[in-house]
Amino acid sequence: MTSSTTPALAIEHLRRSFGGLPATDDISISVAAGERRLIIGPNGAGKTTLFNQITGDIRSDSGMISLFGEDVTRLRPDQRAHRGIARTYQIITLFGRDTLEHNIVLALLGLSRARWSMVRGLAPRSDFRDRARDVLAQVGLRELAERTVAEVSYGDRRRLEIAMALAQAPRLLLLDEPLAGLSREERATVQQVIASIPRAVTLVMIEHDMDIALELADSVTLLHYGRVIVQGSRAEVVADPRTQEVYLGH
Amino acid sequence: MGIGRRQFIQATGVAGTSAALGFSAMSRAQSGPIRIGLMTVKTGPLASGGIDMERGLIMYLKARDYTLAGRKVELFVGDSGGVPATARTKLQELVEKNRIHLMIGPLDAGSALAVDDYIRSASLPTLSVAAAEDMTQRKPNPWFVRGTSTSSQCAHPMADYCAKTLKWKRMAVIADDIAYGHEMVAGFQRVFEDNGGRIVQKFLSPLAVPDYGSYIAQLKTNIDGIFLGFAGSNGFRYLRQFNEYGLRGKVQVVGGMTALDEAVLRNMGDEAIGILTACWYSAELANPPNRTFAADFRKEFKYDPGFYAAATHLEASVLETALQTVGGRIEDKAAFMKALRSVKAFTVRGPVSFDTYGNVVGDVFIRQVERKDGRLVNTVQYTYPAVSQFWTYAPQAFLANPVYSRDWPPARYLES
Amino acid sequence: MLAQLSNSNFLVIQTLNSLSLGGLLFLLAAGFSLIFGLMRIANLTHGSLFMLGAYIGVSLLEAGVPNLWLAALAGGVATAVLGGLFERLVLRSLAGNSQGQVLVTLGVSFIVADLCLMLWGGDPLPIQTPESVRSPLRVAGFTFPAYRLVVVALAIVVAIGLYVLIERTRLGAMIRAGVDDMPMARAVGIPVSRLFTIVFCLGAGLAGAGGIIGGPILSAYPGLDADMLPLALIVVILGGVGSLAGAFIGSFLIGFVYTFGSALVPDLAYVILFLPMILVIAFRPTGLFGRMGA
Amino acid sequence: MSRTAWLAGGLLALFALPLVAGEFYLNLASQMLIAALFASSLNLLVGYAGLTSLGHASFLGAAAYLSAWLSLHLGLAHWASAPIALAGTVLTAAVFGWIALRATGLGFLMLTLALSQVLWGLAYRWVGVTDGDNGLRGLTRPEPLGVAIESADRFYWFALLVCLLAIGLIALFVRSPFGAALRGTRDQPRRMGALGFDVWLIRWLTFVIAGFWAGVAGLLFIWYHKYVHPSALSLQASAEVLLAVIAGGSGTLAGPVVGAVMVVFLKNFVSAYVERWNMLLGFVFLAIVLFLPEGLVPGMRRLIRRVKS
């Protein structure tokens, strides 16, 4: 129960540097509940580092991150996951030897108390299996449930990335270049999948494909050299001359 | 030396009659060859001594055409690799699969202790090479007979020699940090200090030390000498590094029974010359059995037999003597054990007999490294006759003390 | 303990001891570290190569090679060739299979140990100290083995040579590129496969030559491999894998810890090397100088 | 169905072994069982957690030493000493795991090696407790439910029951949700964190559980040998069990069992016939790596599949 004024994600003065070079430098972002935010910026702007700081994979040097009003700055990634963050990876990070279904089951298991169970077998548990198949159906992979990740196409893997995050029923979903490396047809499919995500889920997305990404987003943040250059509604940012300078117009 | 042979004949006579009187029923069991198991080490760091153990024993058996007391002998060899748990499995194999009547070995104390209770439960007569003190002292094993020496049995006379003959007053000791080393230097310290000497420095270095520099640098130079209680290759390496530091001539060196064994000497140079060690054997011993043995061994393998080759050869002659006493009936374990423990034999080390704990009473030699015919040998300088494991102490009083160890007897005169 | 530390003779001699042990360790660990850094292989045959080198040195000197330095050179080349063959014929096929690498390098170390026992027997074999540095050096009342000083000097020369090789040559630049980022090195067309073989040969050769140079101090004996391998591992872990400077400083650090530790706290002799290592990795998992994750 | 039939047949054969095998072979089989359980425990780390430990002998040794010390110095009966020894082993594993899991990969390997060497040094040096390199002896075997297991066949049956139970529980563990999570942390630790799994805790718990089963193997070890020496804690012992796991095939249930049986067989049986058995062992490992790089069990499965298709 968060009040409508509490942002889903609030980042204040976040910093992280590697070997003296700042990757993120005094970043402050606020994303309202239900908002769909696009993060753009040239390569090396600090987008993925920012994601890793939000999920807790990378510790921040300073600054604060809060999730629906709760300070999560010092929490581990798994603790943040339990508070409603889910993410996908730019570089596909799946369980390659396992079936698609098992990948989803792991995602379901992560937030279930059953993950500590050391005796009862996992394979025969129909509750997880059925839910996993439902999630796969959501992204159109129902038919491939029994295949291993190694056996399916790159586009299917991209969809599985999203499906795993969706399986966590997140409040805040971070998509890191969900369209990267996909063909035109595959992009259309993934675009549909993203568009069909319920509005209750707050979405933050890194994407280079402006055509599709801008279509999906309500608002945009432009990063450059680890700093926020412009942020605001889609139209404002696109129209801003600094955006033209940094990103769109080279 | 003549005494040895007379004792031998007497012993044969006495034990022979007792066997004939008591155990005639057992004679039917006597069929097939006598099966001997040799527990040795043929792989890993201890392999040098272990291989010599096999060679010494085979040489003995070959010379008798694998026939002892009129019965054929079969030899089974187990390689423990020096790992106690493996020794146990190997012994089980020798006993349960090869059905051996008797074991010779093992080489190392760890393995001997590991098989101790198995020897008891299998009632297996054992002629040990390992020197672990308590196996014939506070926790004697009734199936255990040792014709070689306890850890300290040769260190006692070495200390006596240092104190009385060399008139040394202040000494350092160094040994491997294992029970064998502890027992050896403890025995040395006790006798040396009981005769007015003082151990002023005591080093116990881990078994696997590549570089002794750190220990050598600490050695005082205002002492009369240092006693080396090493086994295997460690004495060899210590001494080479010792010379490297220019200490040769500044600090006198004496050693225990394995510090400058023939196996080590054959690869050493002049740096070893003059060093005194105490052992129950030397390839240079002039007694008749050894003259034959050492010559044959040198002829076949191109080097002098040392501690380990002599050990099994000696145990084999103890075995043969006992077998003759019981007319070859090794199956009659009680009679055989009795015979074994009352053996008086003349072996490559000279005359041996056994105390009530199954440990040898025999001569110990103070030997000096000399160059002879181009090779280094341990020339006998002095003989301590019929040395017991208790030295000159009364057995009861000796056994009332704790077993020799790192902490006992306490070193009271250490100088920092 | 304090009395010892205030004794200048003790201090000087033990310092020199530490340095000479450190020098030997560097010859062993430098190759191990390079191999690990570049190929991500924990080469558990490294101790065996050191021992094999020592034994080959014994045989070379017996066969009439005029001096230790030539023997070290020839022995180093011999172990380098053997190492190269091992890399080409076996390790090559195991890229990425780290468990397979553990299995095969330990397996080969069993084979080498048993082979040495078979060929050279179980007795310790000496390597004579070169005549010119056989007698101890006496300076200002201190007596010190001259040969050990030569070992220290040699280690420093080798360190400088390696530094020049790594930092100043084209080959070195390729090695550095490979250590830092293998996929990138491949992408820019560095002949990674040949580089692996060269580095493995170099490491094996250094270890073998180290065995011969260490010979006059350590001798050749069964078990030398097992005595040396943990030391190399500790040096590399402590110094940081893949870092030449780390291996250099790590070697001398271990030389000091070992020498002074076993003299001052003999009760900890067994764990004297492992305790500092546990502390270092527990608080700095990449080692003291390491850049990459161990 | 045929799988069940095979399993039942195999079990029957295992239980019937004492009817046909002599004492020596039974004792060898008992040691194989102990080694198989020990290797299976390490497999939890090496195979399922992806953490290569070179110090697993610590836990076998700790349990053996603790149990021996409790009965020799405190005179405790087996029913008391066994659980206390296991508790002590678990505690040791908890502490060692806490330290070693500060690193992964080679760092983890070295930390486990270092910690086990510290324990080994302790066993060597703490003579008052461990009797140094004399080892602890003069021990007895327990009498579970009043049945003596002094003889070779009885002990074999006892060890077989314990090992079947233990390996069965390990199989359940591996197939449980926790087991699935564990494999996940091996393959994609970062993703597992993002999915809500506490990767460190999962690894640590597994380390402790692996320590526990190694402790059970340690109790069987001390009851079998009735003797323990510092070599039980040595690097060689740790390396040997690691080699067994990898050679058999890590990450499979059968692999470590097969690997352990093979190593015990080569070491204790073939060595009686082949003088250079260390070399043979080395060549066997070399051959496995060259021809079945994933280990005996997975490799053979692959070959059989290829032959069938």
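Labels A, B, C and D are assigned to the chains in the order they are written; within every chain, residues are numbered from 1.
What we mean here is this: contacts are C-beta pairs under 8 Å (C-beta built on N, C-alpha and C of every residue); 3 or more make two chains touch, one makes a residue touch a chain.
On a predicted model such as this, the values are computed, not experimentally measured, just so you know.
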Both subunit C and subunit D are touched by which chains?
-> B
Looking only at C-beta pairs in contact, point me to the busier pair out of B-C and B-D.
-> B-C
Look at all chain centres (mean of CA atoms) and spot the one farthest from the centre of subunit D.
-> A
Gap in Å, rounded to a whole number, between the CA centres of subunit D and subunit B = 37
Report the inter-chain centroid distance for subunit A and subunit B in whole angstrom, where each centroid is the mean of the CA atoms.
-> 75
Subunit A-subunit C separation of Cα centroids, rounded to whole Å = 48
What are the residue numbers in subunit A that touch two or more other chains?
-> none
Which residues belonging to subunit C are in contact with no fewer than two other chains?
-> 113-114, 226, 270
Would you please write down the residue numbers of subunit B that are in contact with two or more other chains?
-> 43-44, 177
Touch graph across the chains, line, ring, star, complete or other?
-> other
Hey, which chains are touching each other here?
-> A-D, B-C, B-D, C-D
If you look only at subunit D, which of its residues touch subunit C in the complex?
-> 46, 52, 99, 102-107, 109-111, 113-115, 117-118, 120-122, 124-125, 235, 239, 242-243, 246-247, 250, 276, 278-279, 281-286, 288-290, 293-294
Given the complex with subunit A, which residues does subunit D contribute to the contact?
-> 172-173, 175-181, 184, 187-188, 190-199, 209
Which of the residues in subunit C come into contact with subunit D in the complex?
-> 36, 42, 90, 93-94, 97-100, 102-104, 106-111, 113-115, 118, 226, 230, 233-234, 237, 241, 267, 270-271, 274-275, 277-278, 281-283, 285-286, 293-294
Sort out for me which residues of subunit B touch subunit C in the complex.
-> 43-51, 177, 203-206, 208-211, 213-215, 217-218, 232-233, 236-237, 240-241, 244-246, 263-264, 266-269, 416
In the complex formed with subunit B, which residues of subunit D make contact?
-> 22-25, 27-28, 31, 124-125, 127, 132-135, 137-139, 152, 225-227, 229, 231-232, 236, 267-269, 271-272, 275, 277-278
